[in-house]
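Let me give you the structure first, and then I'll get to my questions.
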Amino acid sequence: MAEIKSPLGDADRKVAGEALQGALIDLLDLSLTAKQAHWNLIGRNFKVVHEHLDEVVDLARASADDVAERAVAIGVNPDGRSRTVADRTQLPQLDPGYLGDDKVVAQIADLLGQIIARFRERVAATDEPDPVTQDLLIGITAELEKQHWMFQAQV
Amino acid sequence: MAEIKSPLGDADRKVAGEALQGALIDLLDLSLTAKQAHWNLIGRNFKVVHEHLDEVVDLARASADDVAERAVAIGVNPDGRSRTVADRTQLPQLDPGYLGDDKVVAQIADLLGQIIARFRERVAATDEPDPVTQDLLIGITAELEKQHWMFQAQV
Amino acid sequence: MAEIKSPLGDADRKVAGEALQGALIDLLDLSLTAKQAHWNLIGRNFKVVHEHLDEVVDLARASADDVAERAVAIGVNPDGRSRTVADRTQLPQLDPGYLGDDKVVAQIADLLGQIIARFRERVAATDEPDPVTQDLLIGITAELEKQHWMFQAQV
Amino acid sequence: MAEIKSPLGDADRKVAGEALQGALIDLLDLSLTAKQAHWNLIGRNFKVVHEHLDEVVDLARASADDVAERAVAIGVNPDGRSRTVADRTQLPQLDPGYLGDDKVVAQIADLLGQIIARFRERVAATDEPDPVTQDLLIGITAELEKQHWMFQAQV
Amino acid sequence: MAEIKSPLGDADRKVAGEALQGALIDLLDLSLTAKQAHWNLIGRNFKVVHEHLDEVVDLARASADDVAERAVAIGVNPDGRSRTVADRTQLPQLDPGYLGDDKVVAQIADLLGQIIARFRERVAATDEPDPVTQDLLIGITAELEKQHWMFQAQV
Amino acid sequence: MAEIKSPLGDADRKVAGEALQGALIDLLDLSLTAKQAHWNLIGRNFKVVHEHLDEVVDLARASADDVAERAVAIGVNPDGRSRTVADRTQLPQLDPGYLGDDKVVAQIADLLGQIIARFRERVAATDEPDPVTQDLLIGITAELEKQHWMFQAQV
Amino acid sequence: MAEIKSPLGDADRKVAGEALQGALIDLLDLSLTAKQAHWNLIGRNFKVVHEHLDEVVDLARASADDVAERAVAIGVNPDGRSRTVADRTQLPQLDPGYLGDDKVVAQIADLLGQIIARFRERVAATDEPDPVTQDLLIGITAELEKQHWMFQAQV
Amino acid sequence: MAEIKSPLGDADRKVAGEALQGALIDLLDLSLTAKQAHWNLIGRNFKVVHEHLDEVVDLARASADDVAERAVAIGVNPDGRSRTVADRTQLPQLDPGYLGDDKVVAQIADLLGQIIARFRERVAATDEPDPVTQDLLIGITAELEKQHWMFQAQV
Amino acid sequence: MAEIKSPLGDADRKVAGEALQGALIDLLDLSLTAKQAHWNLIGRNFKVVHEHLDEVVDLARASADDVAERAVAIGVNPDGRSRTVADRTQLPQLDPGYLGDDKVVAQIADLLGQIIARFRERVAATDEPDPVTQDLLIGITAELEKQHWMFQAQV
Amino acid sequence: MAEIKSPLGDADRKVAGEALQGALIDLLDLSLTAKQAHWNLIGRNFKVVHEHLDEVVDLARASADDVAERAVAIGVNPDGRSRTVADRTQLPQLDPGYLGDDKVVAQIADLLGQIIARFRERVAATDEPDPVTQDLLIGITAELEKQHWMFQAQV
Amino acid sequence: MAEIKSPLGDADRKVAGEALQGALIDLLDLSLTAKQAHWNLIGRNFKVVHEHLDEVVDLARASADDVAERAVAIGVNPDGRSRTVADRTQLPQLDPGYLGDDKVVAQIADLLGQIIARFRERVAATDEPDPVTQDLLIGITAELEKQHWMFQAQV
Amino acid sequence: MAEIKSPLGDADRKVAGEALQGALIDLLDLSLTAKQAHWNLIGRNFKVVHEHLDEVVDLARASADDVAERAVAIGVNPDGRSRTVADRTQLPQLDPGYLGDDKVVAQIADLLGQIIARFRERVAATDEPDPVTQDLLIGITAELEKQHWMFQAQV
């Protein structure tokens, strides 16, 4: 069975592929983390934060799909299996059990800040090797920074 | 901050809670596994299987959400963090890299068969302790068995 | 070519399969009967009854599809061929030619009463062998009894 | 004019009918109570709680309709007149005038807890007499318990 | 906690508030009455009248919401609790049990006629004190008179 | 009760009526046959053929409805009862049990070819007697021939 | 200013143009007549007939638009002014004042029968001169005959 | 058969009824006139004016329906038959044949101006007798004046 | 080029025109003010207030459009240029930089109160000169007072 | 691999096939021509004509698809490759560069006139060989003649 | 209360912030200017230009919102108050009173040309400091240039 | 008549214009080629590939429109006439007659690979001259590469 021929040379593909795989891990764990908070949340602002977290989940899932499909489109196999996500994620993990709303808002804001820093490195890294991949990463960064602002505004 | 008061007694809540937590792990890892196959798939039937896998993802995600919200509604904290999923999942993991369509179809069929067996045990276990939880699990089992048939039919 | 592996043991599958095949015949002939009345209806209440009958057709068709797909999902081949329906149906057949609206309303009410009695037996029979099949049959019974009430209310 | 023939025997019909009539009173007064709070609410969380209460109203109205139509479908006349609701309701009544948001959230959580306890008794009571009625009551209980969790989470 | 400042002076607010509270009772009991008939209806025109009554319910519910929110917007607390509705309603109550379609049509027509007469008094009373409240009452009167015509046309 | 006055003379009505009744039998049995294949299908192309068959079912059902309503509009009673369909159908019947996808595709292609031949005769026969009926039959023939091409293209 | 060049020769255009102008008058007066009945209707079946008449109005208006635009497309000016409609219409006029439902149903059925007879003449007349115009008239005739059947069925 | 009981006294009903009947004639002939222009239009601005005229038709038809239903709701029979419209209309009639776009725009602007003058008289006349009717006429006047502005702006 | 002929006399047009121009300035600056707060908001209730402010923006924009188009329809040129808005607005301006949620809620409530007072004067002023303009202003006042209530309820 | 069996004999298929292939070339080049004008248009009526041309593009594309699928359904291979379109088209080609709106309107009107003449020949030619193909061509001719009228009306 | 932490360093944030604030003023005044023209427009092309201007308004409003939210997401407070817009705008202001269509088209084309020149400077300025902001500005520039072309094409 | 003023200088406009014209030819011939395959396809995977090709057609058509409108927006006339497409296309042409599905999949994959290589050159070429044009080309390249992957995955 044939493999996917990349529109990129080997070196460029390697750089772009690593950026995309890193982004995939960030986004998949973001989706799991936000769902965990969505379910275990308590506090006076429960309803609003509960629904806001699902907007983050939707963003993380849709972006993960775009990122992984971009990876395979340039001939790089994305790896989003549970074991891989758990081993490679750099996100701080939430505590088990009930999570107070104020603390959740602060944690999500903090966690988005960390992810954004890595996305900005990926944007810089892919500028030369693949402007198409870079454009996708820029678009996702814009959305993450918008959410980052909205969570910070509530702290 | 207050915890959620359960409509169930402690023993019933424990049984129902374990059934729901087990179901959650199955469904979250199913969603990750089906996405992994969705992205790395190759083969003559790529387009159909690629799209069919997303139906499984949608089912797994929606069911996981129902199951986790049911858990907290009976006063049990669901745990769907990446580390928990990776450590507790009983699903066989896919190989990294490209995945041939025929093999994927067979693997998903097999994997659904295993999940269904565990769901049928959970349905039996929750009959007395909580018919509301049981009704939810029966509904998800019906959907999983429908997908199981459709993947088997292609083997 | 592989057959569908049932999630049920042989004895349970036999009971559930017979319940589903019996339901399929009832529902397919109900859909044909209600259409026949829909087309040949006359009388002062033509417009309302004409449209009401199509609600019954929609219910019968959707339920027949669910029932047949449930059968194959547990490894039993549904048989909905015209010859099978004609030979096995227990529904009283409508007369050919024009059908007065009052008589149609009474006949459909009567016919729904007969089908419901058989569905209640199937609900009872599948309780132990397969709660998933039972849950589907309960759901269809609820809809049939709602239509039964509405046709009776017009007699 | 004909009455509706019940698919149930007299004893079963009596049990199921009482469960449904009791549920109807609970749900109708829940819809009036939640609207009263929706209108007279004040407090910092006004907007969120105001809209959340309308979700409860929608649930109560839709469930009341299902419950009453199920009653007549088994040959029992539902009674949802204002005098009947006022005389038979077991719900604690809200004070007149403005209602603070925190107090409303606590009262609705408490009131849902009481209704759920009665619904669980009705689910148990209808298991033998009528699984179709039981299935409807289980479905409504699941939704009430989901709302119960969400109001408790805000206390 | 602050009360709502009225855009009206005290005397005007009193007149407008009484008109709105009276309208609220009429509309809430209309919604309960039409539902009661919707459920217990029998007769040859069951299907049409059953559905027509739900149009009245929708109108009554939407208008009640507008009226109550208008009341609080002018600093008057609306009271729509079940006890208040039962004690203050001027609507003739339906008999319990099955209700024949012809009789229901006549009763609803009669009952709408009574409500309309009271609404016309409220329209006249609010002309000077609050043209905004009057405009809302005129709009509801138009809809009630349209339904009144349609029920009369069937007598 | 009055019968439907035909816009056609007796001879023309007879010809058009026979064409429509023949078409009705073809279309009703096509809908049952395609559903039977939809349910019992197995094979590597299961998903595509399973869904394609439902397009045929939709076409057959919608066309049968148009044909039967056209018959009664010209004063001829359509007969679509299960017994009539089983006795008069000229379609070759499918085997019971599982049906391989390649064989199903070939059978449906063959069966559509037979139906089309009869429809073309009906188009020719109704040209003079009733151009309105002919126009309907031409439209259905076009859709059947489109499906015929698509099934042949897969053989 | 330019006139519209006809795709037809003069003789054909004249025949087609007269057929279309005749159809326009029939359809415009049908729309006014059905509205008149829609408004002044009384009787036990008011609601159903009231709504059914609006289906006729929609059909008449849409068909009139198609017919008039077809006329101008072949270079013939349609005339649908009120004076022209009143002077040339062949439809029997309704009485002023209230109209009983049974009588309205019979009158509309009768009136549709007359229009259909003229449409069938127009279909025959345009066969040679312009098959495009004929095809439009056939399509409208089919819809008129469907309504004709449905009104007759209620007599 | 019963007539519709008016919520108005005889004198008020007479005034309101005449206002509504006059409005009905204006609106029905406006709808026919705008359609006539829509079909026979030529000129460089054909496309825009052709579509703009259909907005006028939609407004005229919807308003005519509201006006006629309001009339019968107050116990007055509206008369919208073609003969009545032709005899009583005060609108200047369009010439037959092609109509240049500039001239049409000017004629419609002029004609709307005349209708508006009569509507303003009707608004004044119904102030005391029936504020509900007045409110409807005010709403239609607002829409007519908006169209009046837009046609004038093009002159 | 022609100007728009007013349906009003000069004196009435002047009064109505001034009311509308005043309303336009209020509404345009309300839309800019609410957007400014929407963007610069911070605080624990950020998400709810952020979205609530956009409802105010939508209301202000839609109402401004209606008001300005009404002005030109009566032959008065609306002026909504930025310089005009800045010079004539009577609204207190927000501070630059971040805006705390509680303060924003209080400011918007206060500001709506001021606008409503001016709208009530305009409603009174236009009663005689132009009931059509008055009706538009009444409708907007109702919406503004509803928002006023909801913002006050959160203080 | 199998070819598509035609429902037509060889002679009829040849005639119908040539008509369809000719129509395909006309329609594909019409779609390219109208897009070329859509893009390069200038003039005072730019906006209207720009959008009107896209209606022609949509019509041409949808009709080309129907025509080509009809060809293969009767066993004739349609040829719509760019070289074939360029070599066989009979449409006059537009000049390169900017195109004035008046000239474009005249050219499209002229070009539609030429296409219609060829379509009318194809309608005549296919009457005997294949009424199904003829019916498709008649339907497209009607749409082309409607556009022809509308472009002529603007000249 | 916390401020928003910027993902950018101080120098980059300053550059990006100024670009965004400049863009905000351009877009807000564009929205007010286009609305002013939308309302006061007269001339033969009124309808088309009136609607075209609203497309510009929609573009300007949506872009202003994106630009302002981007500013706060990088920790810069956008200022869109009426006074600020009036004082800082560089757009030439429209004359008061009626505006002829040709002149409006030319003015909008000219004004868009000026805005585009400033946007191209902002695109260049933000390339290094913040590619995410640059990407947003590029997207808006593309839309503005598309509108610029369409207005020029009509001059 | 005025020409479109470019926001670019002459040299930049020339580079961007050539990139856009080249892209236009690629995309238009891609749309014709994919349609040709869509129509003449045969083989076991007919249904899936037939529908997949229409996704390519939609992408090619929408992108061609964007590219051509971008060209004219920078003052360059796009040329998409059939003769130009046929003469300048660099795409390998499909054979006439039936096309096997496997071969079509391979050809489309190959052809997309060639187009992508040219698009990547255009992306590089437009970086300096016009980042707005480049951004559009990057977006289209991303979509083409996604389709390229999906077709390769099926080889």
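We just call them A, B, C, D, E, F, G, H, I, J, K and L in the order they show up, numbering each chain from 1.
Everything below uses one rule, namely that a contact is a pair of C-beta atoms (placed from the backbone, for glycine too) under 8 Å apart; a residue touches a chain by one contact, two chains touch by 3 or more.
Everything numeric here is computed off the predicted structure, so don't read it as measured data.
Visitor: Pick from J-L, A-L or H-K: which interface has over half of its contact pairs in common with E-H?
Guide: Repeat of the E-H interface: A-L.
Visitor: Chain C to chain J: how many Å between their CA centres?
Guide: From the centre of chain C to the centre of chain J is 49 Å.
Visitor: Would you mind pulling out the distance in Å between where the CA atoms of chain A average out and where those of chain E do?
Guide: Distance between chain centres, rounded to whole Å: 53 Å.
Visitor: I need the residues of chain I touching at least two other chains; which ones are they?
Guide: Within chain I, the residues that touch at least two other chains are 2, 4, 42-43, 45, 48, 69, 72, 135, 153.
Visitor: For this structure, enumerate the chain pairs that meet the touch criterion.
Guide: Pairwise, the chains that meet the contact rule are A-B, A-D, A-I, A-K, A-L, B-C, B-D, B-F, B-L, C-D, C-E, C-F, C-G, D-E, D-I, E-G, E-H, E-I, F-G, F-J, F-L, G-H, G-J, H-I, H-J, H-K, I-K, J-K, J-L, K-L.
Visitor: Any idea which chain J residues touch chain F in the complex?
Guide: It is residues 2, 4-5, 7, 69-70, 72-74, 131-132, 135-136 of chain J that touch chain F.
Visitor: Would you pull the chain I residues touching chain A in the complex into a rising list?
Guide: Touch list, chain I to chain A: 41-48, 50.
Visitor: So in the complex, which bits of chain F are touching chain C?
Guide: Per the stated touch rule, the residues are 1-4, 28-29, 32-33, 35-36, 39-40, 42-43, 61, 64-65, 68-69, 71-72, 77-83, 85-87, 89, 93-94, 96-98, 100.
Visitor: For chain C, which residues count as touching chain E in their complex?
Guide: 45, 48-49, 52, 102, 150, 153-154
Visitor: Where on chain K is chain L touching in the complex?
Guide: 113, 116-117, 120, 123, 127, 134-135, 138-139, 141-142, 145-146, 148-149, 152-153, 155
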